[in-house]
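Read through the structures below before going on.
Across the two complexes that follow, chain A remains constant while its partner is chain B and subsequently chain C.
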Partner chain A sequence: MFDPITAALIRAAPALDGLDLEGLPKRLTSAFADIVSARIRLRGEAYDRVSPELTETLNELRRLAAAHEAYVALLPERENRAAAAFVAASAHQTCMLARSRTNGVSRIDATTVAPEVCATLLFLVAEANADAAECAKRIIPD
Partner chain B sequence: MRSTPSTSRSIAESRNSPSRRSPDARSLERHRKLICRSLLTTDGGRRGRAGEPRRHTKSPLTLTPIDHLGLCHGWAWTIQDESILAERVARVAVGQYRHVARILAGANVPSPGASTDHAANAIKLLTVAPGNDPWHRDGWVFQTLSWIAAQQMGPGAVTRPPQILKADKGFDGMQLELAADGKSVTAVIVFEDKATDNARKTIREEVWPGIVALEAGERVSELTHQTTAMLEAQQRLDPALDIDTAISNILWKEVRRYRVSITVNDTHLDNTARAGLFKGFDESAPGDAKRRRAETIHLPELRKWMSAFAGRAIDHVKAMTVYV
Partner chain C sequence: MLSLRSLAQGRIIPILRAGIPDVVGSDADPVERALQALQQMLLRGVRRLAQQLRSPTDVAPSDGGVEPASAIFSQVKELCIEPIDGVLDADEHVFSLFAGPLHLANLLLSITYLVQP
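Then we have the complex of A and B:
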């Protein structure tokens, strides 16, 4: 659950077609809970066995992270940039929970940046320093 | 003591004078003159100023529409003028893709020279190192042909600059499709470029699985970051670009198309055989047929052709090397 100030920040994120901004804090919380519960259920098993509903949730979170991250990168003067950054970081963080850590180091190269690095930076943009510090723990340096 | 402009010029001239150059530089210069002479005396392009290579304004590829109803659509490329095409590839290899893009867009601009460092890098790019297979060199050449074909399609899209390293990471190519007003982005087009001796096997075993993986959300961070970089570049060129719609369309709604370009031999020349080559495209990338672009070029002896073509491009690189 998000505290009222954070929930208000999330609701101030840029609008997207079909995205219920009012219900977004609750949606992120329930996605987080679904993924944690799937992790416990699947403990050690392949993640390709997740339910179609959870796959759909993860896809939506991926798109949410991608779109809001782009808002942050492309529109630095936007008034709700902090809200976009927080939503993108939270969506990245929730998706990361569903990922098994077998990928080795956190990748940064000419074509892409690992989500744990993106999420940490996005939390910093949103001035959510404690969340950034927590997220940074997932960064595995080379 | 500060040099006067005329002194600076004479020092530069003397540094570049034939007597002061290394044997390699003299040989390169001789080669450049030979190629320039041949370029100035062959087919009907325009002459540049005295001593310059001719300005090529002709399209090097002919693009013929193909439509495999419901399955996919696209263009078959035919080489119109191999020498001009090799010159375009040579310019991309020396890093002058912007110049090539302007020429392909119809601009009549003088051709710039290239430094010996750029030329050396380009020649390396176009050469198969001893003991290596030609796949990476041929792959790079084909990606560049694909970029040229995409540029020739004219306005309506923003194409990512061609890669400048063999076997570079990332997508083979990318385009942002623009709305008719040019102010909003309607879709992102991901390129899959394959130079192969066995087109169907490559499509079935490499291209379709790659597209299925993308459709399932793999490589999404790569796609997001590259798309964002393209949007950022386009935003600088056109501050009126509607970024909100672009983000909504290509990242939130994931309006995505695929453009598969592949070399074919005699087996897939006719319409029915070509349709057979792209069988399964609609299963890998379901939805409207406009999501599926299929491009082919007939190169029956691919490796032999690539080797000769790369040699021709190297000749052009040497010809455009005008200063150190």
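Then we have the complex of A and C:
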């Protein structure tokens, strides 16, 4: 799924305990494939019927997104900011694939920001402008 | 939301042309009013960022230029954090946060690093 330059960017993300940076491009690709195949299999059925394996994959992606997003938000001057931003945005985007399209408008409230907004801005931070433009299509204004 | 989407799609002119909505009246819920005021400031910051993208040679505010987007986002951050005194011991701190606008300001601030000379 990722070209060699993008894969190198992903491998340059901040190191975290238990995270195999070398294998991360492959892990993201495999999560993407798992989710797409589950979507095809479920076809309109309730998303609460997803398998425990897929639930674990989604939880792993959410943790990955949250950890790397925190790096970008709190330490914006880090050298590997772009790599962290790209990993977080890709993880968000892969999770969003598993989401129903009927979630309504994108929201920013007192405590949360919609993941499609975060992912879009993170792709901009990573200077992945084409990905940001594509991801922005998921932002539904009020 | 529309401005953020336009920013990501490189559509700068619609951001600059869009108006800035008013904050709801004083009879509204204070949290809602505060949230809208923060969102309005964030929108001002996004517009300023769009202006910077169109004309990256900024004049410093001290030389008659306008404040950069990063200054607006930093101001939002300050407004989103309020220390609460007297809850824990003196060396431990508790804060009241508007976590949503704070996080958005942090991400937008990261983007301004890309347009700084």
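Simple rule for what comes next: the second predicted complex is superposed on the first by the 142 of 142 C-alpha atoms of A that agree within 3 Å, B and C clash if a C-alpha of one lies under 4 Å from a C-alpha of the other, contacts with A are read in each partner's own complex, and residues count from 1 in each chain.
As a convention for this text, contacts are C-beta pairs under 8 Å (C-beta built on N, C-alpha and C of every residue); 3 or more make two chains touch, one makes a residue touch a chain.
Not measured: the values here are computed from a predicted model.
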Identify the partner contact of A:Leu74: answer first if only chain B is touched, second if only chain C is, both if each is, neither if none is.
both
Per the contact definition in the header, classify A:Met1: touching chain B only (first), chain C only (second), both, or neither.
neither
Based on the superposed arrangement, let me know which partner A:Ala33 touches: chain B (first), chain C (second), both, or neither?
neither
Report for A:Ala136: first if it touches chain B alone, second if chain C alone, otherwise both or neither.
second
In the overlay, answer first, second, both or neither for which of chain B and chain C A:Ala85 touches.
second
Mind working out whether A:Cys118 is in touch with chain B, chain C, both or neither, as first, second, both or neither?
both
Once the structures are superposed on A, label A:Ala110 by its partner contacts, choosing first (chain B), second (chain C), both or neither.
both
Looking at the overlay, what does A:Arg63 touch: chain B (first), chain C (second), both, or neither?
first
Per the overlay, which chain contacts more chain A residues, chain B or chain C?
C
Identify the residues of chain A that lie in both the chain B contact region and the chain C contact region.
73-74, 109-113, 118
Considering only the defined contacts, which chain B positions touch chain A in the complex?
169-170, 217, 220-228, 231-232, 235, 243-244, 247-248, 251-254
Residue positions on chain A within touch of chain B in the complex are 14, 16-17, 19, 58-59, 62-64, 66-67, 69-71, 73-75, 109-115, 118
The answer for chain A against chain C in the complex is residues 72-74, 76-77, 81, 85, 105-106, 108-113, 117-118, 120-125, 127, 129, 132-133, 135-137, 139-142
Which residues, counting only chain C, touch chain A once they are in their complex?
1-2, 4-5, 7-10, 31, 35, 39, 98-101, 103-104, 106-111, 113-114
